[in-house]
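You will see chain A twice below: alongside chain B first, and alongside chain C after that.
For the complex of A and B:
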C-alpha cells in the first residue's frame, strides 16, 4: 500500500470514528426523549409489555405491512429473475466435515424452538416475528451448509410453500385493512387485550408476530431454494 | 464500554474491507454485525440488537458461506510429486505448492488440494471437479486441456521395458510405485526427473534406464472451459519469472 493510500485510509477511519462518537453522544440526551402521551396510551391499549412490539404491530402497523411487502417483492424479484435460468450441470455437493454435520443437526431443533419462542413472546420480551423467523431460517441454512442445500430441499420443499409465502402477507394485510374498509373496528377489537403479562395478554400482536415469523422463515428458504433450483447446488 | 464499541465499529469494518480472502472478509462482516448488535443493546434497543444479530450475524453470514463455498476455493487435483507438491507431516511443501498458494492468495481464494491417483487427475479436471491439475505434470499437446507455459525444465526417464515405445507414466499413486520399488518388484514406468530422483533414493537399482530424447517442461493444466483462469495463471507465472522470484523458489525447493 502506498503512503498516500494509507494516509487516506487512516483519515477515513478517524473521521468515521469521530462521527460514531458524535452519534453516541447525541443520542444520549440528558433525560432521554421523554415519554410522549401516545406511548402511554398505546401501552395501555395493547397490553404489550414490549412497547416496541405495540408500536410496530399496532400504532404503526401499516409501516410494518409495507416492510413485509418490501420483503415479499424482494423474494418475488429473486424468483422472477432466476426463472429463465437453468443450471447447465449439477455439480456434486461439497462434502462437509463431521463436526459441522453433527453440530448442525444438534443445533437445528433448538434454533427452530428459539425462533418460535421469539415470535410467540415478541410482545412480552425483545424479539418478534422478524427476529424469530430469521433465527429459525438460520438453522435451516446451517443444515444446508452441513448436508447440502439440495438434500434439505428434497426433504422440506413443496410448491405449496411458495404459495403460502404469498398467502401470509395477504392474510396479514386483509386482517389489518379489510375490517376498516367494511366500516368495522380493526383486528385489535376482535381480540381485546387482556393485560397481565401472559402470552395471550396483548390481543392481535401475538397473531401478527406468529404470521410474520412464518412468513420470514418461508421467504428466506424460498430465496435460497430459488438459487439452488436455477443456479445449481450452491 | 459504549465509546469503545463505537470506536471499534469503523476499525472492524476496515479490517473486513481489506481482507483478500473471502472467508476472512465474511468473518469480519459477521464480527461487525455482532459489535453493532452489542452497541444497539447498550443503547437500550434490545429488539433492534436481536434482529441485527439474527439477520446480520447469523442469516446473512450463513447465506454467504453457502454462496462462496464453491467459488471461494481454488481446487487443485494432483498426484504427489517429490519437491514439487508433496506432504511433509501435516504440511504441504514444494515448488508447485508455493506457486499455487501465491496464485490463490492473489485471487483471494482458499487453496484446496486433492490428491488423486495419476490417471484420475485428468479425468477429474475434465469432469469439471477441479480448477487446475498439478503435481509434476510434463507439458504435452493434449487438446483436451490448456497447459500453461513451462515453469521448469525436466526430462523423462524410462525404467525397464526394453526399447519398446514409451510406457504410460504409471498408474495409481506415486507413493504406491515407490512402495513397489522398495519391495523390489519389477516395474516399467516413465518418470519425470523429480519422481525419478525420488525413485533412485528409494532403491531403484538393476533396472534398464533410458532417458527419452527431447526438451520437456513442467506445467499446470487448466480445463479448456476456463480461459480466464488460464490467462491469470499465465500472467502470475510470468510475473514470478520476470521478478526473479521463480528462480528463488526453485533454488529453495530443489537444492
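For the complex of A and C:
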C-alpha cells in the first residue's frame, strides 16, 4: 500500500518536473527589451501612481473581484463549520499582565489608523486594501491576545458585522457593474480619474481599496475569532 | 526586462518537495505545510519569470530614469497570497473536525477508521 503510494508520488513528481522544465526551457522569455509598453498607458489612464494597484483594481478588476468572492466563501465556510460544533471543554484563558493589556489597548488605535492610511493611499504608495485590512486586523488580534477574545468580541456588534461582511462584496461587485450599465467600457473607472497625484487623483481605485480593506479586516477577524472561540485562547 | 533561471529552478525544486510532502506524509498538518510550499513555489516562479536586476519599484515617479519592474506578476502574486490564506483557513477547519471525531491527524488511520465505520453500518 505504502510502496504503491510512494511509486505514485515519485511518478507524479517526475512528470511534473519534466513538464515544468520543458515549459521553462521552451518558452522564450524576452530579455533586454526595456520596460513593457503598457506601463505608461496604464498610469495615464487610471491616474494612480502605484502601478500594481492600477493593474489589480483597473486592468484586472474582475480577477480581484473573484479573489474577493473566494475569500468571502472561505470565511463563510470557516464560520459555518465552526458554528456547527461547539467546543466541549475550552481551556481557561491565561490572564496577561497590566502592562501588556494597557499597551495593546494603546497600540490598537494607531494600528487601525495605519491600516486606514495604507488602504487610502494604496494608489499612491506601497499598500492597498488587502495590506491595510490585514494590518488593522492584526491590531485587533493583538488586543484579543492581550485582553481576551471574548472581551474584544463583546465590544463588536455581531449582527451589524455580519450584515456589513456581506454588504461589502455586493457593493464592490455592483460598483464594477455600474459602468457597464451606464454605457461605459466595462473596466473603466466609475469616477473619472483626475490625475495629479492627490488622494482623489485615481477615481474609483480609492473607493475599491477602502471597501476591500474593510472587508479583509472583518473577514480576518471572523476567522481568528472562530478559531479562538473553538480551540481556546492563545 | 529579463528573468532569473536560478529562481525558476528553485521554484521547480520547491514544487517537487511540496508534492512529495503532500503525497508521502501521513500527517494532515504536514500535508497542509506541503500545500504551503507549493504555493510559495508558485509565487517564486511568478516573481522570477519577470525578475529585472536594478529595476525601480513600480511606483511613479521613477527616479533616475531607470527601468520600471513589471507590475503584472506582483498583482498576480497578491491574488495567490489571499487565495492561499483562504484555503489554509478552510483546510484547518476540516482538519479540526476530523481530529475531533477520530482523535488523530494520521490520514491512513482516519481512512481505516472510516472504512471500519462503513463496514459496521453495512
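Heads up, the rule we're going with is that the second predicted complex is superposed on the first by the 176 of 234 C-alpha atoms of A that agree within 3 Å, B and C clash if a C-alpha of one lies under 4 Å from a C-alpha of the other, contacts with A are read in each partner's own complex, and residues count from 1 in each chain.
Keep in mind that, in the parts below, a residue touches a chain if its C-beta (ideal position, glycine included) is under 8 Å from a C-beta of that chain, and two chains touch if they have at least 3 such contacts.
Values in this document were obtained by computation on a predicted structure and should not be read as measured data.
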item	value
Contacts of A:13 with chain B and chain C, given as first, second, both or neither	both
Which of chain B and chain C A:21 touches, first, second, both or neither	both
Which of chain B and chain C A:144 touches, first, second, both or neither	first
Touched partner set for A:60, first chain B, second chain C, both or neither	second
First (chain B), second (chain C), both or neither touched by A:50	both
Partner chain(s) touched by A:118 [first = chain B, second = chain C, both, neither]	first
Chain B versus chain C as contact partner of A:41, first or second or both or neither	neither
Superposed model, chain A: greater residue contact from chain B or chain C	C
Which superposed partner A:127 touches (first chain B, second chain C, both, neither)	first
Which of chain B and chain C A:105 touches, first, second, both or neither	neither
Set of chain A residues, in rising order, touched by both chain B and chain C	9, 12-13, 16-17, 20-21, 24, 50, 52, 126, 128, 130, 227
Complex contact set, residues of chain B against chain A	2-3, 6-7, 9-11, 13-14, 43, 46-47, 49-51, 54-55, 58-59, 62-63, 65-67, 69-70, 128-129
Residue numbers on chain A that touch chain C, as the complex places them	5-6, 8-9, 12-13, 16-17, 20-21, 24, 29-36, 39, 43, 49-52, 54-56, 60, 63-64, 67, 70-71, 73-75, 77-78, 81-82, 85, 124-126, 128, 130, 223, 226-227, 230-231
Complex contact set, residues of chain C against chain A	1-3, 8-9, 12, 15-16, 19-20, 23-24, 49, 57-61, 67-68, 70-72, 74-75, 78-79, 81-83, 85-87, 89-90, 92-94, 96-97, 100
Chain A residues touching chain B - in the complex, by the definition given at the top	9, 12-13, 16-17, 20-21, 23-24, 27, 50, 52-53, 89, 91-92, 94, 118, 126-128, 130-131, 134-135, 137-138, 141-142, 144-145, 149, 220, 224, 227, 234
